[in-house]
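In what follows, structures are represented as structure tokens.
One chain, chain A, appears in both complexes that follow, with chain B as partner in the first and chain C in the second.
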Partner chain A sequence: MRSIHLTPRFWVAASLVIFTLLVGLLGPLIIHVDPHATIGGLYDKPSGRSIGMWLGTDNAGQSVISNLVNGVRTSLFIGLVAGAISTVIGLVFGLVAGFQGGILDDILMGVTNIGLAIPSIVVVILLADALNGSTSFTLAMVIGITGWPWTARAVRAQATSIRNREHIDVARLSGARWVSILLWDVLPYLLSYVVMAFVLQMSGAILAEAAISMLGLGASGSVSLGIMLYWSLAWGSVRTGAWWAFLPPTLMLTLIAFSLLLLQSSLDEVFNPRLRRGRSRRRLAAVAAGTQAAVPTAAIVEPVLEGDRS
Partner chain B sequence: MSDPKVIFRGTGVTRRFGRGKNLVEAVKNVDFTLTEGQITTVVGESGSGKSTLARMVLRLLPVSEGTLEFNGTDVTTITGSARADYWKDVQAVFQDPFSAFNQFFTVRRLLSRSFRLLGERAAAEARMEEALNHVGLFGADVLDRFPHQLSGGQRQRVMIARALMMQPKLLIADEATSMLDASLRVNILNVLTDLRDTLGMTILFITHDIGQANYIADQVLVMEHGEMVEQGPADKVIFDPQHEYTRRLLSDVPRLNQSA
Partner chain C sequence: MDFAKYLGRKAIWYVIALFVALLLNFLLPRLIPGNPVDTIVSQMARGGGASGEQMKAIYAHYMQQFGLDKPMWEQFLVYLGHLAHGNLGTSFSQYPTSVNSLVAQALPWSIAIQLPAILIGWVVGNLIGAVAAYRGGWFDKGAFVGSLFASSMPYYCLAIVLLFVVGVHFGFLPIGGGYSLGLTPNLSPSFFGDAITYWWLPFWSLVIIFVGGQAVGMRSMAIYELGSDYVNYGRGLGLGDGRIVRYIFRNAMLPQITGLALSIGGMIGGALVTELVFSYPGIGTLLFSAISTNDYPLFSSITLLITLAVLAANFCVEIAYGIIDPRIRAAHSGER
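Moving on to the complex of A and B:
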């Protein structure tokens, strides 16, 4: 851990991610209202009357806040499952193709390119439709199975560059087996990359689920942010000005996707010290200049920053 | 001294990369022999094909044409367990003591990987310590360290120890000294001559520096653009070079006692 340096950007990203996790994990325990129970009429305005009414009711008279926290939980669950599935598939394909090379590489990359060429949203919609009465879990599986090709491509590129390092030759000469070299000599060098790919896959899967559910193809009988958006659109909440029905799920989705993307880019800085130093020094200088005084000093600081960059 | 015995023989060894327009012949129809208990150096500038030759001798890279013979058996196309057995007899030390280490492994983990080929564990542990002592290191000092906690010279010596654990008959040192500073370089060269003298090990030493070749070699092979242009006993090649390229390599050696 001594070499890992956490940047301010990482802490911001991490707190946002922790916040969404808390909403998803603790929210349903605090907001103790059944998301399927009718507690009011059509689009009742938010009020402080009871905890379930904090964000009003939706088209079916159900509590919006209860649907929101349960929907975040569903989204995170789908993101984790789908992200894990596509990362594992992509990792296996990319590692084997990149490390082995030759004809196996050609075959695996051929399959990957076919997977990339097929628009995955179409496959997901068709599969989601074919799996009648799908649950959140099957939806996550479907998203995960269609999402791996990008990870495979990226991991393969990294694995190819590691294949030619001398430590691989040394391992072979020591009599290490193929699997052992792949797991201990190649994978650890890519691990930071894999973590970032997983975060990206997770955010992609959450947005994919929302898109499918918003089109009305979501998991039946479950609660999700996408399904909330679907109903609020279908019942004209935007037209009637019932902002509490569509704004909270939209903001929550944006927050989840944004915090995951920010986490990914801050991890890039954490894992890659070269990227970190130049940037954070410059940013720290800018922050210091900004807090010390207002406009005049900023004008003086500017040329120094330019010089630093060259 | 008994009669010198040929331990390794390469006949018509050729290696091509790419195809069509991009075809490159890195090693062209090279014949050579290695004599048991001698240090043979391959000298040549960068890109002359000497490292490619070393990787072929190690069977890390397939040969395009020609045959390789070790102790009278053809090893040109061996794979799998036959090749693992071959690696018990033929080991290598590489150029870069940084990238030759898996940075996530301690020295102990790195060395204990060879246990699978060595068989019995207790004996293998003893060999590990013995191999480290041979290069002037002690297990207690280095075994639990990560590569970044060792100096360049220590790292290269650990690499030699790794090769020695197998008690190989032939050791290939591919530019093993070129990334070390001058004082450590002599130290490593002395370790190699010591291995020849005490264990009777055959060493194939690859370098771009004919000065080092002169210091260490019994036999010298000179390569230029993939071709073997001159070979013979060290005294003969260095003090009576026949080929123009060898003369040029010799004239490029910086001399301290000679002004300009």
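Moving on to the complex of A and C:
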């Protein structure tokens, strides 16, 4: 697969994502402290006394580091579940609407446009409040079923453009069933896009969960980054300068959001050569050095433009 | 009449969306098992303070106001009737204050931190993005990674960090609330001078994030336009740099203007958690207290208000697009 060009940005993003995955997956196994157990007083300072005290204690005397690693695990879990739900719904709606067209398209896109117009944070707040005492799984479901409309619209746009290609006609003529055309002849063209949409959905869901928890609608009895922030704000850890209680979840949320967005934008570069600038710049240098003969004529168009800009 | 048809179609969709939003706002809070009025009144009774007589009066008032003894569809009509008169109901937690007056008190604070942040952030962000795309090189690299980081940082995380570093650690600015204790909000210069010190931190926490988001969007739009056919053609004709740049930015601006309109529409609900972090007396803090006190009339009024603003902004954008861009009109009147 020589055509896949992995940029340095991709490797930075991938290693940050792998780091958060390791914190969420291995962290709770290494930090073997119950996040609900009281191991100290109100906002005890961090100390090396025991593994649970590395980041001190929170407002309830619980170990911050244990809450942190378990919170990362919950947040990742919510992101994966919610991201998968909204990507699947959006993909199915968009594929069917775009490929089928006609009245089905009108109905599905009508629903999608209504879903897009109503702010999803409001629906999440209303649903989370109506569920009254949700678990992290129900919260993930709620976030998942409100996040799909923009994926559906984007997938539909791409599916419509593929509908009229020749290989679809060939598949039809050879008697392939509707579902198999969708899965084998349309879906592969969208896969790169779907992967990127999933990454964005995941990061959106993790942030939505944190915001919902901070508003006081979090999953009761569970440990998540948003719930840690909720308690640390409610008990004034920022005001009293107890940085170990609020800074770790804040930085962890930032790291998760940043690494996922960076991953998405670097995947975009990998899949979409138009956005790749580094290589064309190198080609440009070659042009400038008077080695035009080495550059295929088709490739010159773009570098010329960039040359004028810089 | 192409445009009238387009407008009519859009209007029908938005009326449907509005109806769905109203239905969600009406139905979801009522999905909770048990009668909300029972819960609230028993909570008030447990809290003490109100006598039996008062309790009965409050109970009767709520039952009558929500028409909870009537069937669902009739309740929905009552709800719509109240809304049509601009009556959002009476707050549970701050009885007998009306929801209208609570919201009217909070709304200016939210707008005061959001609107300047959106406008300034939009201008600065677009400038940075455009220059980064055009100049390329180290400026582009630095601006892009910086903007990407700023735009991906959750806005409340930056708020917490700023509050801690600037407000608590260095003590430059006050750390919470909208104005000093003991003052009452009014339009005098002395109150304004006091409130502005509380305003800086929430403002900065929002504007930095917004600049980042706009810069990333503008940069990728401009890069896309730089590689498009009409630019090649213009270069081939030997057009000057200045003119081509003007064409590029006019095209790249279109989605950015949409973004601006939508952010202004989403303003009310855009920074709920920021206000919580700074205990700023806006809509977010009001929503938080409504959630923690189970104040349903207040709670669903705020969610409704956020929805209405977003719907209105979306609708305006669609109309504006219909006027500006003939391709969109054509796409909607039949042929794809």
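Throughout what follows, the second predicted complex is superposed on the first by the 274 of 310 C-alpha atoms of A that agree within 3 Å, B and C clash if a C-alpha of one lies under 4 Å from a C-alpha of the other, contacts with A are read in each partner's own complex, and residues count from 1 in each chain.
The criterion applied here is as follows: a residue touches a chain if its C-beta (ideal position, glycine included) is under 8 Å from a C-beta of that chain, and two chains touch if they have at least 3 such contacts.
In this text the structure is predicted, and so the values were computed from the model without any measurement.
Trainee: Should A:A130 be classified as contacting the first partner (chain B), the second (chain C), both, or neither?
Mentor: second
Trainee: For A:L16, using the defined touch cut-off, is the partner it touches chain B, chain C, both, or neither? Pick first, second, both or neither.
Mentor: Neither partner.
Trainee: Looking at the overlay, what does A:S174 touch: chain B (first), chain C (second), both, or neither?
Mentor: first
Trainee: After lining up the shared chain so the two structures overlap, which partner does A:D185 touch, if you call chain B first and chain C second: first, second, both or neither?
Mentor: first
Trainee: For A:I145, is the partner it touches chain B (first), chain C (second), both, or none of the two (neither)?
Mentor: Once the two structures are laid over each other on A, A:I145 reaches no partner at all.
Trainee: Check the contacts made with chain A and report whether chain B or chain C touches more of its residues.
Mentor: C
Trainee: In the overlaid three-chain picture, which partner chain does A:R165 touch, first (chain B) or second (chain C), both, or neither?
Mentor: After superposition on chain A, A:R165 lies in contact with chain B alone.
Trainee: Is there a shared patch on chain A that both chain B and chain C touch, and which residues make it up?
Mentor: The overlap between the chain B and chain C interfaces on chain A is empty, containing no residue.
Trainee: Give the list of chain B residues in touch with chain A in this complex.
Mentor: 55, 58, 60, 84, 87, 91-92, 94-96, 99-102, 104-105, 110, 113-114, 116-117, 159, 162-163
Trainee: Can you name the residues of chain A that touch chain C in the complex?
Mentor: 110, 113-114, 116-119, 121-123, 125-127, 129-130, 132, 160, 203, 207, 210-211, 214-217, 229, 233, 238-239, 241, 243, 246-247, 250-251, 253-254, 257-258, 260-262, 265, 274-275, 277, 281, 301-302, 304-306, 308-310
Trainee: Contact residues on chain C for chain A in the complex?
Mentor: Going by the criterion above, the answer is residues 13-14, 16-17, 20-21, 24-25, 28-29, 31-32, 134-137, 140, 148-149, 151-154, 156-157, 160-161, 163-164, 168-169, 175-176, 220, 223-224, 226-227, 231-232, 235, 241, 266, 269, 272-273, 276-277, 284, 287-288, 291-292, 299-300, 303, 306-307, 310-311, 314, 336.
Trainee: For chain A, which residues are in contact with chain B within the complex?
Mentor: Answer in residue numbers: 165-167, 169-177, 180, 184-185, 188.
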